[in-house]
Every structure is written in C-alpha cells, then in structure tokens.
C-alpha cells in the first residue's frame, strides 16, 4: 500500500473537506501518498488528478464544499462521450481503472451518496480496490447511524426557525419552513424539535391538512396567535402526490417554482384564511462551515478509510455504529434507505411534547 | 412630562426590542412612566396597552421581533370597523387620542416605517404630541443616514453568500441570492461587496441580461467556473417590469410564486444554458438577534426619542446624521425614498473591484 | 401522579432551560401540573417555588442558563442555617420533604451534576420519589453516553480555535487555549480534533513538556511556523501537580491567577524560547444558546423523566445509551467518573492524524 | 504606475485580508501588478516578496488574519541585524528601498497601526512613494472615523456578554469581562451598550471602586441579583496605576498574570464580599471572520489606496470621514490618539440608560 486516490461525488455537504483532510493527514502518518481526483468520477474518467499533500489540506477543515469539486451526474459506466459529433453514453470504466493504474494508485476512496456508492460497488465487482465513505445530508442511509453534514444542516435549519420565531410572534402569523429531506424526514424532525416547531411534516407521514389547521387554531385559542411549521421537501398530503417528485421529473428547480412549502401555505390561506409566510432553506443547508460534531465525524471517517486501506479491506464502506466506525460490505450498504420509523424515539418525544405530526 | 406610550408598526426588524428597552430604561432614569401599545395602531385604537417597567424590558436587548407585536395594516384614519355586520373603513383617530388621554399619556413614540410615520404625522397635525422613530430594514429613508436592522440584514445576507460560495465552487454553478430591497438596492449592494459577489443587481440600475451572462462567461474563461449573483427583489431587466410589483398587486407572497431571482435563474438557463440555483432569503433577513451595530443604534434612537419628549419637541422624527442623532420635522421626513445614487461611493467601489452591476 | 416539582443544581450549562421546557410541555400533555423550585436545593429547603405553566416555558428553548436559578453550594443535609446568630450546618432534609408534601408534589425531578445527584440519592433513600437528570458540561458521567451542554461547549471551544488559528498563522506563534475538563479531557479532545489543534493535553495523560516542544519545533521545520495547543484545565505535566486543584483548594478563581494554560505558556517561553499566547475560555463555555444537538438531547431527557414519573419509577436517573434514553438506578449512577480511556476511538483517531498528546 | 507592493504590520485584525483583496482586485482592473511582502517590514528588509494575483486573493475575503503574515516588532530604521555574531540595531531602510526598486515597485501600500505608519512616514520623508492604510482594532486613531476590525471586535465582545448574561442570571453573580483597549475605551463602550452591561469601565474615566460596588448593590436591592461589568484592559482605579502598563513593562502577557479584570474581581470580593467571575477575551477579539461592516470598510480602504496610487498622491493615509474615504497627510495622521471624550454621544447615551461609568 503506497498510494491512495480520493474523490467526492454527489451534492456538496458540510464536512467533505474534513474527510479529505483526515485521509491526507493520516495517510501522511503512515507514509502513504494521496492523489485527489477532480469533480468526482468525471476526473477519474478524464484523468484529472491533483496531489494532496499536507500543504494542500492545510486550513480546509473549517471550509464548506470540497476542494476536489464534485458533480452529481457523471457515471463512468454510462459516460456522456462525444463520438464523431454525437454524444453517446459509453462504458468508460476501463479508463478509470487505467488512469488509476498509470498513477500507481493502490486503492480508491470514494466519498459519495447512493449514486456514487453504487458506482463504487460496480468498480469493486470489477476487481478495483475501493472503499466507500457515505455522504448524504439527509442522513437516510440504513447502514450507518449518522452521516456527516446532517448535524450541521440541522443547526442551520434550527437557526432559521429561531429567526422565524420572532417574526411569527411579532406578527401573529403562521411561518412555514421547508427543509431538505426528499424521502426521509430526519432534518425536519430534528430541527423541528430543536427549533420549537409546533407542526412537523415528514415524507413518512402523509399529512391531513385539517389536522394541521386545527393545531394552529387550537394554539390561537390558548392565546398563542402564531405557529411554526417545518415541512420536509418530500412531505405530501394524505392521498396527494409529492410535489418535489413532480418538479424533479421536469427540468425546474423546486425552489424556483415553489415546492410543498408553497403549496401548504397556499392551502392554509385559501381553505382556512390563515396568514402564512413560507421560507425555503434550500442550498443554505449545504453550505457553511461544518459544526464540531460533523468535523469530528468526518475526520473519523477519513482516518477509518485509510485504516481499512492499510488492512487491505476493500469493497466495503465505513459506517458509524454506536461509538465505533465499522466496515460494511458495499453491496449490503447501497440502496437501503433509512426512513423515520413510527417507533423512532425522537418521533415519540415530539408527540409527547404536543407537536402535531399531521396525522 | 410624566408618561410616555410607545408602539411598533410595520414589518418586524432586528432592533425593535432594543429601541423599546432604550426608551424604557432612559425614561426610568428620568422618572417617567412608559406604556406599551400592542400591535401597532390597532392597540392604539382598541385601547390595548401594557406597562413597560424595567422588568418588562429585562433581557429583550438580544431578541429579534417586538414584544409589543406589530401589524402592517391598521390605520386609525381608515380603520376596518364592524358596523351592524358590515366592515367599513372608519376614521378612528379620535379613539386613539381618547385612549391616550384616559391613560394620562403625555407623548406617543411611534416606531415604524413610512406607513406608520405618515399616520404619526397626521396625529401630529391633529395636535397630538408625537415623536417618530424610523424603521426600514431596506435603509431607504432619506432623512436618516442609517436605519436600525439594516446592518443585521446585511450580515445575514453576507453569511448566506458565504454558504453559497462553497457550493458554487464545488459544483461549478451560478448561484443566485435574492435579498430584500423593493425600491432601493442597499442590502444587495452592501451584502454583495461583503460577500464577494460577482454580479449585483439593484432596482436603481435595470439590468441587461447579456451583460450578466457575459460576466459569468468571462470568469469561466479565467478558470473560475462559478459565479455568485446577488439580486434585490425589486431589480428588473432593462425594459422589463418589476416582478415584485406584479406579485404584490395580486394576493400572493413573492416567495411562493418565485420573484426576480427565479426569473433570472430561468433566463440564464434557457437563454445561455447555464446551470443556476436560486435561494430566496426572505423572512430570514428580518429575524434573529440584532448585531452590535444595530443594538447600539437602536438604543441611541430610543434614548434620543425620550430626550426629545423631555424637551417637548414634537412632530419630529429622530434621525442619524453623521455621528449624531438629530431631530427632523416629520413632514420633511416621510415619503422621501433614499435610492442608491449612481455616485454612491460603495457603488463606485464595487465597479472598481470588477463587480458587474448589470448595465 | 398529579404534580411534579423540578430544580436545577450545580454550574449552569446550555440546555437546562430546554430540559425544563421538555418537562413542562410533556407534563401538560399528560395533564400533570409542574412547579419550579428556585436556586436548586436552597429553594427546596426555603420553600421558594414558582409555577411552570406552558406560558412560563414559552420562548426558553434557545436560552442559556436556567430560569429557575441554581447554586453549586446548598446541601439540605448540611445546610448553612443561622441559629441564634451562629451559622451552623444542619440537616434540613425534612424541610424539603415537608415543603413538597405541603404543595402536594408527587415527584421531584432533580437536574444536576454529581453533587446534586448524590443529594437526590439521599432523598430517595429517605423514601422521596426522586428522578435524576444528569448535567455535567464535562461529559464525565459514566452512566450516560452523553450529557447535554457538552456538544455546545465543544462548538464554543472549536470556534475559539478557529479564531486563534488566523492569529497564530499571521504571527507565527504558539497559541494555547485552556478549556474546561477538571478530571476528564473530553472537551479538549473533541474540540481539539474539530478545531485542528496540533497538540491536545488532557488530565488522563500527564504531559512531557519536551514532547510538546518537539512537536512545535517539528512543525516549524516543515514550514509551519505556528502551532495550536488545547489544554484541559485539569491537565498536568508528568510528575507535576494539577494547577486547578492547587487553586481550588485556595479561595481564588483559576482564571484570575492563571491555570495550566498560563503555566504551559510560561514554561514553553522560558525553557524553549517560544513566543506563546494564552487564552482561557472559562465561563464562555457555559453560556450561550444550546446547539441543536443539545436542544434535542435536553428535550428528550425532560420528556423521559416525566415518562418515568408517570410509570412511578423512582430512585433512578435517565441516561442516554446508544439511541435510547434508559433508566439507571441512582445509586449506580453517582460517583462514577468517565475519564477518556487510552483506547477511546477518538483518541486513537487523534494520534492517527499526528496530533501530539504529550506522552 | 505599473506595480504596487503591499505589507501588513502590527497585531492582526479582522479585515486585513479584505484590504489585501481589495487592493489586488482593483489593481487588476487598472492593469497594475501587485506584490505582497511577507511579515511586514521584515520581508521588506529581507526581500521576502510574493505575487498577489487574482488567484492568490481568491477566497480570502471571509478569512481572519493576513495571508502576508505580520510582526509587531521589525523596524527597518532600527533592524536587529547579526554583525559578526553580535546582534545590533542597524538602519536598514536603504535595503527596503533597494528591494522595491529591484522589483520595479512604483508605490508601497503599508497597512498598519501607529508603529507601521510612523515607519511609513519616515520612508515618505526619504522620498519613497508610500500610502498608509490605518489598522487599529481599538479604533483609537484620530484621523479616521473608524478603523476596520473594530466593529467585528465589538460583535465578539457583545456575543461574550450575551453568554455571560445567562450564567450571571442563573447564579446571581457579578460577571466581569475584560476587553481590549489599552488607552481608549471604544470597544468596552460599544460592546457594553450592545451587550446590556450594567457597569462600563474605560481608561478615560478612572473608576471609583465604591461607585462600582454601590451600583451592583443597588441592582440587588431592586431584585436583580446579578451584574455585568465590562472593563477595558487599560482601565484603572482613581489614583491607581494601569495594570496593563505594569505588566507590559515586564516580560509577561497580561492574560497570564491577570490584568485589571482580575484585580477588579479580587477587589470586589475582598472589600465587598461579592461573588465574582472574570473572563478575559484576549486574542479571541482579533481572530475570526470579519463581519459585513468591516469587510465593506476594508475593501473600500484597499480600493481607495489603489486610487491614490493611480493619482500619484503619496505620503498620505486613507481615512474614513463621514461616508467618504479621504486622504490625510501621514505626518498629520500618526501619533494622534483618539480617546473617548466625555462628550461622546454614546457615552452620554450610556449614562442616560443608567449604566455606571465608575465616576
């Protein structure tokens, strides 16, 4: 084991740079060289590499984003390639393997979400020495207790709720905050409890608009003339469709056209005459400096991936289970979505506090 | 001079509570009693008052919003009143004067924007002892160098730009941030310079989409594959209309339907094939704890208003000019919009930095 | 079960108000009444109670400190009492029991550290229905995976490290940050990794000054002319004494006279000619708004304590184990200090990053 | 005018990098080349230069410190030089002039405090084309309304006061915060008003300990069992000496031995039996990301300095006066300390609020 390569794929997430730094610093301790690959699997296909010395990772721990760049598109097994003026999707995976071999790379560390980990698994099946590091800001990966970036996103959403609180209270309004969470409501649930929300709507529990409205009216009767609603982008009314999926199937950004937050606000205004205001957090949740929790977790993931490489354990993903970082076979890790179960302790806590979950 | 009353009107703004506390604390030093009026002029009409002792204002300095509540609707001179089951707009200004007289209030301190200050002026013209304290988060009032809350809103917008920067850089995207500023681009200009924006679009300078696109393309040629655009909600394309006015004339919230940020993003995608992402800061700019600048300024406004009351100077508004708080006749202060002049020193600085202003 | 009473004891900690709110809100859901006791066990002896309705806990979730007040002194079993002009330590525990009985309190919820939990245990042994909620910002209680306030303190220390970094780098200096942790180095370890420290010194590992100096010199040789050292207040040189204990045995505050941080800085200057600057975080770690992690954890503790009361499980402490809040007998929970073991995963990670631990 | 050189001298300060970036970006617009000089005048003597292209300043706007490095020691007119094994202070100013000439530098931009600006003046008197940019976190330079970094330091101190507030209130204690300000109390005054301090002690007003104690006791009588005191490091008791000067004349860091904050705390404990806790903010005030106010001001200073160079106005310092950046002759700008006058509007406001100033 003499040389590692690392790439970041998928949407950016606070902590990516901390993982990269953790890899570079611990590799240095063990006398390993590290190469960075630019823009995820695009750079792996195109041979776009850069050195990652101690100097290159100096000062990146607090910074959001990824110094390597990322894309959420390029797949080496179906890579958009210009052939005689026509763009075709070709299997370019051998280019990746050749690029790594030419640079004497002994193992590839792929930091990414389900898409990237699926590609990593395919490379593992082709015999490449691959180690996956899970990344999903939604924290919806079954194999790991927690993904990095999630806790920072929850902080961001909670701080937004703190801000909206004073406006809600001063103006006696219903303030709605739409947060990330297409298929799982973890950010909404955690930020909602942390931010003192009155209503939390998540994809796992289709909501009944009447219940939401009753909850707001009930508070008003008790003298609280405002309410705070947190809604995950993937939430949907009972019997209704998921707005985000409708939007994604088209070509538009949900933020531009208005997602579930906008729908909910309009519905409450039209059907119940409530004065509502909607805020969509959007990309603010991805940016910014990772909090200390995520910096520690990211660093641990990076170090653990180098440890696995040193012990020649490949085809695995590092994962947090309890207080330990463990190794999980990639083929057991991918495509396993972790939704909020109805028995989740925090969900039960939310109900015990009187938070309306919409059902 | 024995008793003051204070109310807050219009949209909430960081620093309202600091003004209220400044009034109550300095009034206490001079042996004056202070009453708070709930929900702006609504409480003045309805007689909804509360005491404001030292205890009532303890701990409110860091808090956003207003402990008195506010509305941006109720006008005592045209007050929605139910008469025999029919809602009519009646002149209820005499109710306000009677409510103040019944409680032995010697002077009314009105914290508010143009709407509230206009009402204050009308009361002054009816002989009431009124002092205005200017409030506009957009900082677009001619008579005062700076309004409280503005600097905090700029901080909030700049922090958002810091967050978007890392995503923009990691994904090689054009990130658009829409900030407040319906008629004046102060927030966009200050936050844009502070946040390192590449393009700043303000209502005062109708923008040329080609120039915006060229600026992004120019950067890409120099190796910067991302750009950050700040756009004030009231910005408009050259020859085009202002999206926010179109929306406001209807019944919908601009955030729900998509304002100028969404339009700009779509236009750059459709006409120039750029990958864009839009974030609308919206109400996040109004909430949160005021920064130290605004806490100091708000406190000074509050103290200065009590000073004016003690010296029986009424029909005036307190205003910051240079380092001093001065008094300006209300009739000269209202309805004077302060737009960004083309000769503004910071605008010239922005151009010297190479920031594209769209013209 | 109809009425609960709650008190907070020991040093303040971010999240205390969130626990109180969690108790009050879930108690309200179950139709229970809640009383607050002022200033820890002092109020229990003196009969200083206050109601805790939904209104009383409204808006306290983001606030540091405790609305109930706290002391780290008063022990009902040895309570400073003025008897005929002479202050004597008397057993006033029966006064506490009587005060609770007179107010029809069915169970006492005591939020506190080792001191308060020991008192709670004694009351349990006297037959009182007591439930403990653990509070130690140092996170050094064996029975629970994590205490609330710890993660916020780590955030605070990490943010301080981020600030010191730029000064260290600009001035080519050794910057030393002294953080809390009298007997356990958890804050130093977590904040050190999160803040990119070069050296971390904790009470569990007596440090060798030569190793610290060598590490700084080694970095200088590699072109890094600055170093960041985090030192827990309870750290001590190998063979030396703990400065904080020497100070505590006297009557002075360690911050005033200079603790281990000051000693380390002086030693590095005098023995190795290094330019050092020392910052003592002190009380800044206790204050401020809890982060989202601690708000969630605090809320869960509060709700879990009410659950235990409803199920009439007394003489226990609620504790986090894995993802669940469990119940631990008080007599097994107190006096069990959780130090950083040499096998701690994060300690091993720190070494793998090349962080000098002083041994 | 084809090439500029820039250096940073003296203690670091939030906004230094923003000035450097402002210089580099506007110089680029005008087709000028920029060189950076490392570690202030040390690099000027030793010939330690680096290029400052757009790429070099990319991403530095939000970062504290200075990418050029700084020292608060080296003076080319009395430069510690090793001659035959003996260190002597030699006039090396001609080396600086030669180094600049060799690199075809047309003008030197020196960012620094009184020390650096005095050196700049001497170079101007020797015929060098020099432009000064003022830097003092204490904001105590007469020629300019405001220096960059000050407002960020006030934010930092105010946030510390917010944190201490909750502990003070929960524990019924006197909390003392020592902030920067050796000869002028601007930070203490602004942060004290912004942070809701009860007592503010500044160098300009020697304090009477009895008055401080009475103010605390007066609050206790009114039911406020805690008080917050902000003290500038250069404050001193009436008739007493300045602790910071005593310490600086020796070899120790004031933070290590305890400055005026520690003295005040001890005095209040010993003479009045008050329970006090002292926090020394120290270097935390210098670090961290500049706030938006300082980023704008720093950027303006940088751009204005390039403007002056283009117009060949040398021997001057750029300064903020009202809303404009003006040019002040260096010989009129240096050695003019701006203390807080007794007629300062904010000082008068503080008294109107009932804040005890110690006199």
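Order of writing sets the labels: A, B, C and D. Residues in every chain begin at 1.
As a convention for this text, a contact is a pair of C-beta atoms (placed from the backbone, for glycine too) under 8 Å apart; a residue touches a chain by one contact, two chains touch by 3 or more.
Protein identities per chain, from UniProt: A, B, C, D = ATP-dependent 6-phosphofructokinase.
Predicted, not measured: the structure shown is a model, and the values here were computed from it.
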Joint neighbours of chain C and chain A, given as chain labels: none
Interchain centroid distance [CA atoms averaged], chain A/chain B, Å: 34
Distance from chain C to chain B - Cα centre to Cα centre, in angstrom: 41
Chain B-chain D separation of Cα centroids, rounded to whole Å: 32
Residues of chain D engaged with two or more neighbouring chains: 162, 165
Graph class of chain-chain contacts, one of line, ring, star, complete, other: ring
Pairwise chain contacts, counting only pairs that touch as defined: A-B, A-C, B-D, C-D
Interface residues, chain A side, partner chain C - complex: 22, 25-26, 28-29, 54-55, 58-59, 61-62, 145, 151, 154-155, 157-158, 162, 165, 190-191, 193-196, 222-224, 289, 291-293, 295-296, 299-300, 303-304, 306-307, 322-325, 345-346, 349, 352-354
Interface residues, chain A side, partner chain B - complex: 8, 11-12, 16, 39, 63-66, 69-72, 159-160, 162-167, 169-172, 175, 252-253, 255-258, 262, 265-266, 276-280, 282-284, 286-288
